[in-house]
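Residue numbering begins at 1 within each chain, and the chains themselves are lettered A, B, C and D in the order written.
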Amino acid sequence: MTTFPIITLLIIAVITLGITAVALFLKNIIHCSILLAVSWVGIAAFYLWAGAEFVAFAQVLVYVGAVSMVVLFAVLLTQRKQLDLEKLTGTVGFRELGKLAAAMVATVLVIAIATTPLTGSFDAINEPVITVRDIGIQLRDNHIGALLIVGVLLTVALLGAVVVASAEPKTEE
Amino acid sequence: MTILHLCLIFSALLFSLGLAAALARSSGILVLLGIELMLNAANINFIAFWKFSPNPENGTGAMFAIFSIAVAAAEAAVGLALIIAIYRHQSSIRLQDANTLKG
Amino acid sequence: MSASSESILEAFPLTIRDWLASVVPLDWLQWLILSLIGIVAILTVFGLTFAFTTVTERKLLGRFQNRLGPNRVRIFGIRVFGFFQPFADAVKALTKEDIVPAAADKVLHFLAPCAMVAFSLLGFAVLPFGKHLSLLSNIDAALLYFFAAGAASELAIFMAGWSSNNKFSLISSMRALAQLISYELPLLLVAVPAVLMAGSLSLTGIVVNQGGDLGILNWNVFTPWGFAGFIIFFIAALAECNRCPFDLPEGESEIIAGYLTEYSGFKYALFFMGEYFGMMSLSGLGVTLFLGGWQAPCAALAFIPSYLWFYAKLIVMILCFIWMRATLLRLRMDQLMRLSWKFLVPLALVNLGTVTFWKYTADWEGGMLVARWLIAIALVILPFISLGKVLSSGLGPRKYRYA
Amino acid sequence: MLGTGILKGLYITAKNLVGSYYSSERLTTIQYPEQRAQLPENYRNFPFLVYDGEDAIDGLRCTACKMCEKECPPQCIYIIPERDEKGKLQKKPKVFDIDISVCMGCGICAEVCPFESIKMDHHFEVAQRNRFAGLLLHREQLAKSNKYYHSIRPKEATAVDESLAEEKRKAEEKAKAAAAAKEAAAKAAAAKAADAAKAKTDDLEEKKN
């Protein structure tokens, strides 16, 4: 019974990482954002695996339902002329440098994680289930300030986004 | 090595992928998506630590993840609005082209 | 909930589960078999419903316009008022040539219809069809799951529109995205009151909350906020499944069927199917949230199994969808956006206030009960009228000067 | 109030729905292969040839004058007149073809025909398996009896019959008159001849005397 969650986790992790890796280095931005939507679903699957189903569904709702839609909109709005897709992958040296830096960060992180003793064990997988009711009570009691601030932040951010995006420049034509 | 290690490595690799995208791609949208991925990797850490914490009942990790998803949504909206604004000025979403402060 | 007091028909899911538990020893195998049975049952029932909805829709649209509608197809010389039409349609769709445009993005073009059907089927998993009949009844955040699954189908439409490499398809997918995002908001906002009253995100919990001695009067739709919510839900649901009068993304007369332009044969049929599945699952959600789910309207009628009640309500919802389609004209893009953002969303927000008032005055008695009803009705009606006045001022009946 | 228009519309469609099951005059649909609409008399589709009497080919009114062939805008009529062994024209078509895949149903041929022979038909189910040969109608297919003509457009056919009868009567009168004139002429000639002969004999007699 103990191997089953591990196998599930490994499958989720490998698929998500693979799809993300492919997605981020595709030339076509549309393919890229659609594949990224899949990898966000993968991350949601991880949340489900971890027992946080509310977070998982919120993840799908926000990322697949909203963020990728907004991204696709942005792509369509900014690709009026057929863009030279090659240009969007940066200069060669820059690109390689970026990948190298990321690989180095990955190495450091993985080594750091692997050498840290942690308590989460194979056999005693406790099933922490956080019900929606619990989340509601938590939000109401402990995190009410944060909730309000996030609400204000979202409102302001959306208003700001609308203002920034709709600021029609005075065209001298 | 424990399951928690696996979760953390998963998140670290995802973070690095996001970092690579943010550094290596020059399309503004893709850089933004890379940053979103990094945020997601952080969320994975929150959930993982919450799952293997000694007292998961109070659900702090999950709460943090929910807030962070909300903030990420706001960030995506503002970021994309900025990209559209940049596109208006430069008629390009290459970040190399957005190198002047004058509009 | 003792099984003994219920009829055999009502309790048959439990019977099957118990029988399986006695036959199959392994836990996970039991789970697998039960899930498979559930999936097959949903596919069969709703597949057939889809088939007969298409022909019913065509026949009813005909009748709404004083025509006969399809009545020709016969099998072995039997012509049941044309109700064999879907089988003929299926054969036609299967045998038609599948055309993929040369400039299309082949992979996405292929994936889009599959994704459409898959995502639109996801919603069925959490709907409580009957007292003991739901695939994922134990899911806590079922409503959230439903909306998350629905959000994904927007992606399928976008894929279809973009991959066709056709300007009409692209316009249509932009329209579809804008429309789906705009109308998801009122849809979510009017689902919240039901959640608030039931104190649970679980759809089963919401249905159970609408049961009681009063029967039909316990349904959410028979409260002021529930009625307003149901109307808003209905409008938003029409828009969410691209039905007339919100069928701009398809718009046969202006953008030649939009994202469906480059699809033919079976892929087209799949889109069609996905759309109808989406309509059915949204109707199912409406039934669950406002029409009492599987509850019988009164205790005397409770001998009819609960899933039949659910199904009957679902059919009524779908017939209303068809009625709307027969009656209303297609909106313009700006009217569509205005309706959602300036009308439905504010009303849904006001409705949240109304339901809060309703919840806090749950213990008012006697004369105060009348006051409760009056205040709640005023809270629903006044914003509706005033907002309607403001929005429709200056938009009088059109004068045809050059007609 | 907002929304009343929608309610009115819903009421109308609901009335249609219920009404269409009760009052059959709401339903305007004609179930075509079984039921057919009464075509108006002046409906026209493709031309046909009228014949009188029993035999379709012998009774044709057509004289192969080729007037219609010349007038036909899309030139879908093709006529070869009949000739006897000596090569003399017979005032009968040997070949009369109309390609109805080309015909546009303008009715000019029927207008110009001086013999009331070619008329416009009501028959519209002309679909064929063979696109070229099937839609090329020959003399035999085109020939339809005067009775049929009466059945599809009785008014016009009666008028045509009357005018034909009139013409025939006139022609007969003319012929009679001509015959009478001929006879008179013959008589006169005979008288003249007799006179001449008499004169001759007189002459001869005078000479003898």
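The criterion applied here is as follows: a residue touches a chain if its C-beta (ideal position, glycine included) is under 8 Å from a C-beta of that chain, and two chains touch if they have at least 3 such contacts.
The structure presented is a predicted model; accordingly, all values stated were derived computationally and were not measured.
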Chain closest to the assembly centre - both centres taken as Cα means: C
Contact-richer chain pair (by C-beta pairs counted) among C-D and A-C: A-C
Rounded Å distance between chain C and chain D, as computed from the means of their C-alpha atoms: 64
Chain centre separation in whole Å, for chain C relative to chain A (CA means): 29
Centroid distance [mean C-alpha coordinates] between chain D and chain B, Å: 86
Whole-Å separation of chain centres (CA-atom averages), chain B against chain C: 34
Residues within chain D bordering two or more other chains: none
Touching two or more other chains - residue numbers and ranges from chain A: 54, 58, 66, 73
Touch-based graph of the chains, sorted into line, ring, star, complete or other: line
Pairs of chains in contact (touch as defined earlier), listed by label: A-B, A-C, C-D
Touching residues (chain side chain A, partner chain C) in the complex: 30-31, 34, 37, 41, 44, 53-54, 57-58, 60-61, 64-66, 68-69, 72-73, 76, 131-133
Chain C to chain D touching residues, read off their complex: 60, 63-68, 323-324, 326-328, 384-385, 388-389, 391-392
In the complex, chain C residues that touch chain A: 105, 108, 139-141, 144-145, 147-152, 154-155, 158-159, 162, 170, 174, 177, 180-181, 184, 199-202
Chain A partner contacts - residues on chain B that touch it in the complex: 1-10, 12-27, 29-30, 32-34, 36-37, 40, 43-44, 47-48, 50-52, 54, 56-59, 61-63, 65-67, 69-78, 80-85, 87-89, 93-94, 96, 103
List of chain D residues in touch with chain C within their complex: 1-3, 6, 9-10, 12-14, 16-17, 19-21, 26-29, 31
